[in-house]
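Take a look at the structures below.
Shared chain: subunit A. Partners: subunit B in the first complex, subunit C in the second.
Entry: the complex of A and B
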């Protein structure tokens, strides 16, 4: 495994000129994407000076939070060589279910003291339930994750729209309590609340993936599930756990999205699937499992959001954002592939 | 080996067919219009575009790759068609569209085979780029098509509508290529085990490359057929059809891990999906439950396939000291 460790120092025997060696070391280091963020932000500085203002920087950070939370959940699933396409549907479904509980106009608990806590509990429980369902379908029914989550995505994205029609004649469930909508804007000790939530999720996720026994199981299953089985890892339970984590993360992201949009819309998560997977992969997590870190995903999301924000500030049209985003995801993937080749041959 | 298992296996092996019959019977009992020949003709016409896309997707899936960019390829080629080729006779326009699509497929194929980037990410990023380019060219407007293109929808030979003809032609071509040529056998070999295929002297990379080109070609043709049916191309055109195409192929028994499946199955999968949607439409179901039913059917079909594999594994197990599965 040491040969694959990106931070391993170069062998002293093969000593290229130091500038090149430093460059190679940088490209191979796990902070490469973070460096890329900084270089990009510096390079864009003269064109969009606003990028370096405190206001925009804090906007970037707050834009990042919900995306970061879903992407971290996705990281777990990618590490076991799975994929979770249903996260966007979970976000939409959680948003409308949460709204249906706490809405002040026609919610189940409208006006009650427990409305908001109950809604939050319902959202997280829903994420957990759909995630677990995905995991059980993969392990018990022997189905490929891509298809399981494709089907549950169709099903729950449809359900979210259908569910909304029972509660309102308009396209989304409005009338959310102020105590809920205030969440996205409020700060605790000067730190925005969504950021606190995201940091907590990041730290917990990091501890699970990098420090806990479950984390070691997850990496083992992703590297080689047969070997993991033989070594006594409860493979099926581990797989279910990763999907459950992904579902819960999606639900938590839904809380932030919904609080910010101030309405429970059934299309809350509709268009962000490719951003989520793109961000995780830009960070360096492998689609083939066994390789991934929460920190990498933080960098990947940061990079994608900086890119998005700078394009918007430049007044770039949507088409150019699409082209550049696609180009960047591709470039990140190419670099990652080359990195991998260098690391394997060294 | 229990005979109960064998019987279950027989049922499971024909599960998609049983599912199809159940669907037909259910809707047939609910509406007498459903089982009419004219309605079945409609179903096939509706299934033609997605079926053609899914046939192309089958080639890529057989080599254990995936192409998420077909919707964007459709959008790009249809936009170029709307902007530049509408003045040409339609066969020339169709030819130019397929050439353009082939170029897109070649780009995907080159990135995957030469640079070695995972196809999921490659085609995810080309999806963005192609959509961006198409939106740039069309200025994000909805582009209409002249009657000479949309008239093709009503045209036909010997009373067979053009969409069905196109569907049948692509299917026949794909079937011949996959099942009657050395190239087809090599596709299965590469999908089964790329490394073994390479050692056996099969140019695995070239085969994979060719499959991406074929997939994009089908996207071009499928997009053309869609255009004749809906008569305009807007920014949402082809959005997420890649998932529908994968679903149709998988429903027809194509494996995402390569080497298993056939175009006949894919065609069947596409028709099954459209039959369900058509049936829901005829019995006046709430349009909101369409995705629920479609999602459930895909889930069911693949769950059954998983069970089948598990039972087959049990039946074929010859190890003296069997591994505890999971």
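Entry: the complex of A and C
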């Protein structure tokens, strides 16, 4: 309290008020996580010199892309104060459906010129359909997003394994066309194709959330859905749209994962839910809704991937990595809760 | 307060990373470093395998970079790339999916780092890597042939159940085929009435065998494709009042595979008739030799077989010292 009292004498050795203000401003800045990335990478430099190599930087970017796309979809859902736990199952399901269409061994369109485009269309359509189903269940049946997406996650994760058994005696569908598997490594004008896809998704998502009427509706619904209804916002349609966007983003992430692993596996993406939600929360999107930016999610994903990569380079055990990541995400969630409480009490 | 928490997080992370960094740097100094990438430590077999590899590397004075992918193919691919960036001298890998590991092999080929698959071969590919694999079919066949002989000697016709592993894993397929080859030679003594798919899942194994025993209460011959399912088998047989040692009228002829410490104990106590044993010590030696040979530019076959062996009630005293499960059992029980 004394710090707020201009007449109180400054304590000897205390930091000047302007320095504290600058620090607080930095912490509250939307670029704080980006600064954190740079500080962390600098701090790790002496212990993991490879972190600053071109090879690892390019690995970080490559690892970021699918996670970024699916996390952007999750951002939309979190901004309306929802959550989408089904994204990993959408990734798994899209991966096996896509592979079943284009596989050169026993795909539905095996060897045909339309195999890859049809597979991509099937994957995106599947993501859109599952996302829309989630949204309709939330709005029409008035069910909590947590329960709806938990149920669809279980349903489609199981369905992906079941679907795979019809297409292979192995545990995954292989024999994907070279034109598809090359996507993960191919470049256009020196820029990796997955990065181009991720940048396009990021820019489009940013324009929707920050510059469009739909974006304003999404923020309004997340801030106060009753007020949004009174203001004439089509709340139900807005909620369905966010889940549909999340589903499509998950399907696009599945395209990158599948191309990268050169196989359609029903366990693709099964373990990344913590990373997806964690990255969005670390970025600063509020779990209480009404606040979030695509750019923040980019920073959150970058931080999480740098953290993960540095731990891998150190040879840290997976369990220690889980503990550290969990701790960071918990800390971000606690900060969000405190910030929300302060805003509510003001 | 908010600033302090964030600073604390950053400080804690840096400290943890620093501590890990020093230890890894100290371990790998002036030595070859081998990355050992497992997909999980789901049974005693894999725990023992990892420990035997660690001991072998330590004996050779090599550094080790370990990682577990928790059955996540994409994460394992990232771990392979991290190992390549660390410029390790070789990679020993246990993958989850035989198809999904192919991009990792290609990445290792590109970086000219030898890659060896420990106990689980990849799918067919143009990329080069060496797989160490037990001769599953032969080992399973030998173990089951002994048990079929026991069935024949009993003078009765036995109804059999087989617990099959994940069919995405070539090891599981080969063990099933070895079982089939053996029982086909004894059509008058063994009739297979239950084929239980477990997908290497203990719960599925328990439910499957329990159902099979209810549908066929006279099952008296069981083969498991892995010893890690033994606790579930024992539980099912006990529930069906069929858990009895060799010589007892209720005894179910039991054959295992892997050579776990628990399998040795069951053999010693005469509850198990035979067990196919993978020689983990030999497989580790093969893996290390393959990496050293590849580094030296010597040609190495793509598949190196561990012939393994069958341990039976007839040869247990003579063969137990070659059984890794016995070595671990002895360490534990003195």
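Going forward, the second predicted complex is superposed on the first by the 317 of 346 C-alpha atoms of A that agree within 3 Å, B and C clash if a C-alpha of one lies under 4 Å from a C-alpha of the other, contacts with A are read in each partner's own complex, and residues count from 1 in each chain.
To be clear about the criterion, a contact is a pair of C-beta atoms (placed from the backbone, for glycine too) under 8 Å apart; a residue touches a chain by one contact, two chains touch by 3 or more.
Remember, it's a predicted structure, so these values are computed and weren't measured experimentally.
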item: Clash-or-fit label for the pair subunit B, subunit C on subunit A; value: fit
item: First, second, both or neither for A:170, with subunit B first and subunit C second; value: second
item: Which superposed partner A:236 touches (first subunit B, second subunit C, both, neither); value: first
item: Subunit B versus subunit C as contact partner of A:143, first or second or both or neither; value: first
item: Which of subunit B and subunit C A:312 touches, first, second, both or neither; value: second
item: Subunit B versus subunit C as contact partner of A:111, first or second or both or neither; value: neither
item: Which of subunit B and subunit C A:56 touches, first, second, both or neither; value: second
item: Partner chain(s) touched by A:334 [first = subunit B, second = subunit C, both, neither]; value: both
item: Touched partner set for A:45, first subunit B, second subunit C, both or neither; value: neither
item: Closest approach of subunit C to subunit B (Cα atoms, Å); value: 5
item: Overlap of subunit C and subunit B interfaces on subunit A (superposed complexes); value: 317-320, 324, 327-328, 334
item: Residue numbers on subunit A that touch subunit C, as the complex places them; value: 23-24, 27-28, 32, 36, 39-40, 43-44, 46-48, 50, 53, 55-56, 59, 63, 169-172, 174, 184, 257, 260-263, 265, 267-272, 307-320, 324, 327-328, 331, 334-335, 338-339
item: Contact footprint of subunit A on subunit B as seen in their complex; value: 111, 115-118, 120-122, 124-136, 140, 243, 246-247, 250, 256-257, 286, 288-292, 294-296, 298-299, 302-303, 305-307, 309-310, 323-326
item: Touching residues (chain side subunit C, partner subunit A) in the complex; value: 1-3, 5-6, 9-10, 12-14, 16-18, 20-22, 24-25, 64-75, 77-79, 81-82, 84-86, 96-100, 102-103, 123, 166-169
item: In the complex, subunit A residues that touch subunit B; value: 85, 137, 139, 141-144, 146-148, 150-159, 161-162, 165, 229-230, 235-236, 274, 277-278, 281, 287-288, 317-330, 333-334, 337, 341
